[in-house]
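I have placed the structure first, in the form of structure tokens, so that the comments after it can refer back to it.
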Amino acid sequence: MFTSFFKAFTNLFRKPQTIDYPLTPIPKDKDYRGLIEYREESCIYCLKCEKACPPGAILFVKSDNPSQNEKNKKGLVYNYNPYLCIYCSECVRACPKPDEALWQSNKKPEIAIKSDNVNSKWFELEKLK
Amino acid sequence: MFNFKKYRKKSPWILHYNAGSCNGCDIEILAALSPKYDLERFGVINTGNPKQSDIFLVTGPVTFRSRERLVELYTQMPEPKVVIALGSCTCTGGVFRDMYNVEDGIDRYIPVDVYIPGCAASPELIIDGIVKALDILEQKTKKMEKPLKLFQDASTKDGIINKRDCALKVGEKDEEN
Amino acid sequence: MKKIKVTLLDIVEEIKSFYDYKKWHFLTINGVALQDNMLEVQWIFSKYETLEEIVIFYVEIQYEDIIPSIVNIIPSAIISQRELVDMFGVEVEGSAKGLYLDKDSIQMPLRGCLL
Amino acid sequence: MKKTINIPLGSQHISLLEPVRFKFECENEKIVGVDSDVGFVHRGIEKACTTKFKYDGIGYVVARVCGLCAITHSLSYTVAIEELLNIEVTSKAKYLRILLLELDRIHSHMLCLSHTCENAGFEAMFMRIMGDRELIMEIQELLTGNRIQFDYINIGGVNRDINLEVATKIVNNLDRVKEKVMGYVDEFTNNWSLSLKFKRIGALSLDDAYKFNAIGPLARASGLNIDVRNEIKYLPYHEIGFKMQTHIDGDINARNIVRLNEILNSIEMCDNILAGIPEGEIQTKYKGKPNGESVVRFEAPRGELMYYVKANGTAMLERVRIKTPTFASIPAFSHIFMGENYADAPAILASFDPCLSCTAK
Amino acid sequence: MIEILLIILAPIIGGFIYGAERIVRARMQNRLGPPLLQPFYDMYKLMDKQAFIINSYHTILGIMHFVTLWVVVAFVIVGQNLLYIIFLHLLSSIFLILAGFSVKSIYSHIGANRELIAMIAYEPILIMLAVAFFMLNGSFEISAIRENSSALFSIPLLFLAFLLIVPIKLKKSPFDAIQAHQEIIGGVEVEFSGIFFEFLYMAKLLEYVFIYALVMLFAGDSFILALTLFLAVFFLVNLLDNSTARIRIDHLIKIVLVIGLTLATLNIIGLSYV
Amino acid sequence: MILGLLILAPILFSFVVFMTHLVTRNILVILFVIFLSVISVFNLISLSSVVEIALPHYFHNIFVFLDSVVLIFFLWQGIVKKHALVIALALVQIILYCEVLFLVPTLESSDILVDNIASIMYLIINIVGGIIIIYALKYVESENFSQIKKNGFIAILFLFLGVMNFIVSSNNIEIFFMLFELTTLFSYVLIAYRGNAISVENSLRALWMNQIGGVAILLALILSISHYDTLYFDILIHNRDNLFLLPIVFLILAAFVKAASIPFNKWLIGAMVAPTPVSAILHSATMVKIAPFLMLKLAPAMSGFVSISVTLIGTFVFFTASLLALNKDCFKEILGLSTIALLALMMALAAVGSEQAINATVVLIVFHAISKALLFLQAGILEKNFHLKYVDDIDGLINHSPLTVFFIIIGFASLTLPPFGAFIAKFMAIESIAQEILKNPLYIFALIFITLGSVFLTLLYFKVVTKLFAKNVDFQQEHTKLSNYYVIPSFLLLFLLIIGIYVTFKMELLSSIQIITPVILIAVVPFLFATLLFKKAHRVKEYNCGEKEEIKLGMYYFNVSPNYKKAISIVAIFGMLVLIVGVML
């Protein structure tokens, strides 16, 4: 009983443990599994990442103006949905050229709001597939 | 007389409902309330009572059995209210997308204002999301938004779904008068 | 892992004579869909404080067969039986439907998943 | 004269993290009947494992069965597949797996303890334990890159290596946690109000524990020696100083004490692992497709977790059966609630450490 | 004049006490906590919310609870009859209980039930407190009590008994079973929302003022002692709140009745012999 | 003159009622009740000082005759119904009565004495009793009786009013005894009025228990004649120099029996099987008031030991009876037990004897009568209109009959809450006990009993109110229409309550602000009900954890184990024995 009393009492004069987060940013470790990043130039369009991704957050969809990459024969465009991604980095492991074409950064994903149309945009892409 | 809108921002009370998540995000909500992140700095209280809440924090991809509860809780919350979809599976279905007992994402049922990605969304992301929700809360003076899917389907499907009663109907009647 | 094949008729008797509640730990009842509308139902046990000793009783049945209940012997089997009813749409004595599935969800989802 | 009222607990209730519905039939506040519904979180993962995903991706899917025992789920599944593929994992990978498993156990137990305190109305204790739990979360994030869903284990080994910096940080933090946990043991045993709230409440006798096939800390608190870590060959638990923790009372307090002791034991094991981590690869290469069937059990923080996997030589599996700890304990839960006070129900429920997303899959 | 000002500002004083309490609680739990003005932010926000009601009886009774409590606080400040104030306070609790029972909501019912049962525990002690003051001063009037010197040293046991019921009225652990948030989601207040909940929220602030005003009565005419007592009780209650779990309502009754009533009886018997 | 009218007119009128048929009967009864009320009010106003009348000697013979008839009737009933206790007690009474007849006291005083308290009692008896009789006109029509029996029922009630008017004005213990036995007779007859087995059984129980009271009065008579040589209350009471208090103690005992204090509580509870007006008029509102009235009469004689022990016994009974009442489920039984509790409180207060305590007693007697009558009328309405007897069944009555619920809530509120009279009485009670504690610390126990008891009573009232109150979301509901014969008496009683508030205000029992504040608070509520319907606010359903299914609600029940009940009875009997033995020593 007195331990609890004592702890509550001493905590009163301690510096709080709280980090004032939005004002004081918490640095992320370099190994933090954040957003998946992609470099178009290095991609060889093997589509392994698309197949490996458990929720299907990476889609290569045919586009009218595909990037100028000689490997891209079908005219595909890489699409990535961070709101579907589960950040397991399975795609990076599947990628033949990790760290060049596809890698996992330590950036936090962005918060979306209603006007971003997170779902409907992606539905249209899935329909294209 | 006064501009009360800006005070909405200072005391968001949250209601948390788990609509079928893996409870990773739910633990992170607890962690966000814990001393290190301390959501109460923003005036957040976890009320657990829809009638006194401003922010509806939903986790999980909406399983079939939690659909009705989700809408029920949503309709019991007074305006202005903000709905936060917490975690990837809540936003879009995540890894549970297209499973047979799951509706991909809660925005099929209730209008979502803030999407927080992450699996599981870390407390920092939750705080970011709530800060964003606070801005929305400040602006919000919307009329009762109708839940999307359940009400559209109500007339077509039989059995359990079309038992929509009291909460909304009474509200509608009053608005007409 | 030891697999013992039994018939549907004497599964209750077999388990009754086998199961000593202080020695054997009842794990679960499992169903595996086989080809040709057959279902393999397994009763899985493990031995307390022994390295990897698992015993599986199994029967192969049609979906129409009624599976006897072992709740009288092992009270905690009730929940596994309810799950079996829900997932495979089979009938187990005295087990109600609706542990997981609602009326408008897909019924008997695990039945014949290969077909 | 006696009349009953119904008190619901759930599906949405502040003391619940997950949707589960209990409807208590109460005389005044004394519970005389329990009606439960656990199917709110049913997503159909078992079905999806056999139709939607290939066998090498399922490890990430089954991890999402439950956020708290995610690592045990993926480990059990991975080991089951490794059994079918006949892969021998290097001992470094095994040690790293145990390390993360035990870290996960520590944070899960701490969460359970704090949640039990919260539900018993002891907010300060909740905050204190949650604050200290952040130490574990930090090192988990360092080790795996994420706080909850680790995705650390893959078929043939683990995803990431451990470096010296991380190892020292882990040792440091574990030391601090150990000190704190010692303090909790003192508080849990000596705080007068907690003893009113926890002692002789929600008790399960040893005989009932046998009868209801109770598992995990629930059974160990009643004195039933069941710990899968004692019964498996896949991981070298006995080399690193595993000790079974039991108690005889079977009440909430006993469960808390068992959990606290397990935390201490886990910390000890982690220290042992870090002291003598062997050199070697963390990943074994493998070939082929799984075939056959295997049953694998592991000790999740809540008790025994069983995977039954049946494969037929293709990339798609034929059956994945997940028997989760809470699923097996539900009959025991209902039994324990009988005769208790509704005021204690949230604390009792939290002391089971139920995991409904495990249960309903 | 100053009395009228105090009466009008009573909820605001309560708000500051509550705000300070939230900060102290946060610090005792090792976190930063909300700003001091947080209760007022909450109040402003609640004013702005859409109003939901179940039925008009429920709402009215909730408002009556608040109004009556304000009257009670006003009477305390003015210096009315203490015994009468205690009964009027009972009336305000009864409004709240009736409100709790007037909806078909189970948590509201349980909360009201618990409030009723807790009444068994605290009512006798409050009345005996009034009787003890009467025996010391020959009058139930609070103004008379305020004019006399401190009663703390003549009725120390009653002060202890009174300390027992402070957590019940302020809904603080270990005696917060009435409002137990994790069990019954705030009990009676569960069905109030928006501006109607605000009345209950402010009633809680008034309850703070009422209880701490009663605490200050023990100091008699000494202002410094009153301030010391207020700070000491404030600190003690919060320390207790942060080091105990919530105990069950039946334990609450037993503990408060047995210890509190014994202390109070002993003290009054002692008084009558002196 | 007025007195004669008050006593004799009802008796004569009862014969008229017996003869007439329905419509004329109703009109006549209403007119006569108004007449009686006016007389009693007039009496209170015109009464300047104490009125004393000595009756001529031949009246004595009539009384002796009546007494013998009643006692022999009891004996006969005991023989017919084969009830040994009734026979035995009747025989004891006859023997004792014979002995009384042989003793000839010498000290004489007036037989009839009307003081302030008596005129207040007239008010209660005639106005409250009259209102209940008006109510009974409709009630009895719905009973399954023949027309003659129905008329007889009304007639007996009027007879009873006459007897009650007489009893509160008698100064002669012998006459008092006769009237006491007559009230016993009426309650016996009326309890058994429905004629089924359970009412007969309960009526016999009421009979033998009340006979104990009769025996106690006879003993008191004999002792009083032998020691004080008198038959008269005033002489007995003012014999201050003589310390022999045994006759007074026996009279107190009789009062306890009539007030159905524990351990004699069974008969009043059993009496609740009678038609509701009977319960109202006999067993709650008026007849049992003899007990505190007798106490008030004896109060000046009590001092020291007797005073404190009666106070402790009374408060103890108050506490335990309210505890036991929590155990009950039947609406009328709850009312019955709370009556017992409050009667015990009245007697305890009367025994305290300070001026304030006496005032409190009188206020409590008056307001208790009004509130209880109001509640019993509602109990009758519940029984007849909604066929509800048990608290558990009256779930959500507010959806069907808000008026009845309103009256019930007012009835219960008027027993506990400011600004109603019963509250003021309780307030004064605590104040007077607090003053006594300064003299004798033993009174602290009385204080504890009173505070705990009143909290239990509050709990008890809520047990009922809760059930009524739980209301659905606001929707238009069909309301049941009640008969005017039911509604008007209730409104009259409500009106009396309001007058009561005004009177207490005028009498300055509390300071004016203390009465006005709660009046404003409580009056604002119905006003807001009527005007503010929160049209703009949206209605939602109750929070039910997101679920939709119905759940069973309820108030906690309280179980008092039989062992406790036994222990309580034993303590009460022990207290009374201590009282008797202590006085004898």
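By letter and in written order, the chains are A, B, C, D, E and F; residue numbering begins at 1 in each of them.
Simple rule for what comes next: a residue touches a chain if its C-beta (ideal position, glycine included) is under 8 Å from a C-beta of that chain, and two chains touch if they have at least 3 such contacts.
Given the structure is predicted, the values throughout are model-derived calculations rather than measurements.
Chemist: Where the contacts of chain B and chain F overlap, which chains show up?
Modeler: Where chain B and chain F share a partner, that partner set is D, E.
Chemist: Between chain B and chain E, how many steps is the shortest route if every step has to go to a touching chain?
Modeler: 1
Chemist: Top contact pair of chains, counted by C-beta pairs?
Modeler: Result of the pairwise contact count: E-F comes out on top.
Chemist: Any idea which chain sits dead centre by C-alpha averages?
Modeler: E
Chemist: Which chain's C-alpha centroid is most distant from that of chain F?
Modeler: A
Chemist: Taking each chain's centre as the mean position of its Cα atoms, how many Å separate chain A from chain D?
Modeler: 28
Chemist: How many Å are there between the centre of chain C and the centre of chain E, using C-alpha atoms for each centre?
Modeler: Centres of chain C and chain E (C-alpha means) sit 58 Å apart.
Chemist: Averaged over CA atoms, how far is the centre of chain A from the centre of chain C? Could you give it in whole Å?
Modeler: Taking the average C-alpha coordinate of chain A and of chain C, the gap between them is 41 Å.
Chemist: So what's the Cα centroid distance for chain C and chain F, whole Å?
Modeler: Here chain C and chain F have centroids separated by 70 Å.
Chemist: For chain E, write out the residues touching at least two other chains, lowest number first.
Modeler: 26, 28-33, 50-52, 106, 109, 181, 185, 190-191, 193, 242-244, in rising order.
Chemist: Please list all residues of chain C that touch 2 or more other chains.
Modeler: Those would be 100-101, 109.
Chemist: Two or more other chains touching the same residue: where does that happen in chain F?
Modeler: Only 473, 536-541, 543-544, 546-547, 551, 553-554, 556 qualify.
Chemist: Using the contact rule from the top, write out all pairs of chains that touch.
Modeler: Result of the pairwise touch check is A-B, A-D, A-E, B-C, B-D, B-E, B-F, C-D, D-E, D-F, E-F.
Chemist: Please name which positions on chain F make contact with chain E in the complex.
Modeler: Contact set of chain F toward chain E: 396, 398, 416-418, 423, 427, 430-431, 433-434, 437-441, 444, 447-448, 451-452, 454-456, 458-459, 462, 465-466, 469-474, 510-511, 513-514, 517-518, 521, 524-525, 528-529, 532-534, 536-544, 551, 553-556.
Chemist: Provide the residue numbers of chain C that touch chain B in the complex, in ascending order.
Modeler: It is residues 100-106, 109 of chain C that touch chain B.
Chemist: For chain D, which residues count as touching chain E in their complex?
Modeler: Touching chain E: residues 5-8, 13-15, 29, 117-125, 127-128, 131, 191-194, 196-197, 341-346 of chain D.
Chemist: Can you check the complex and tell me which residues of chain E touch chain B?
Modeler: By the definition above, chain E touches chain B via 22, 26, 29-35, 38, 41-42, 44-45, 47-52, 181, 185-186, 190-194, 197.
Chemist: Taking the complex as given, what residues does chain B use to touch chain C?
Modeler: 64-65, 100-101, 157, 159-161
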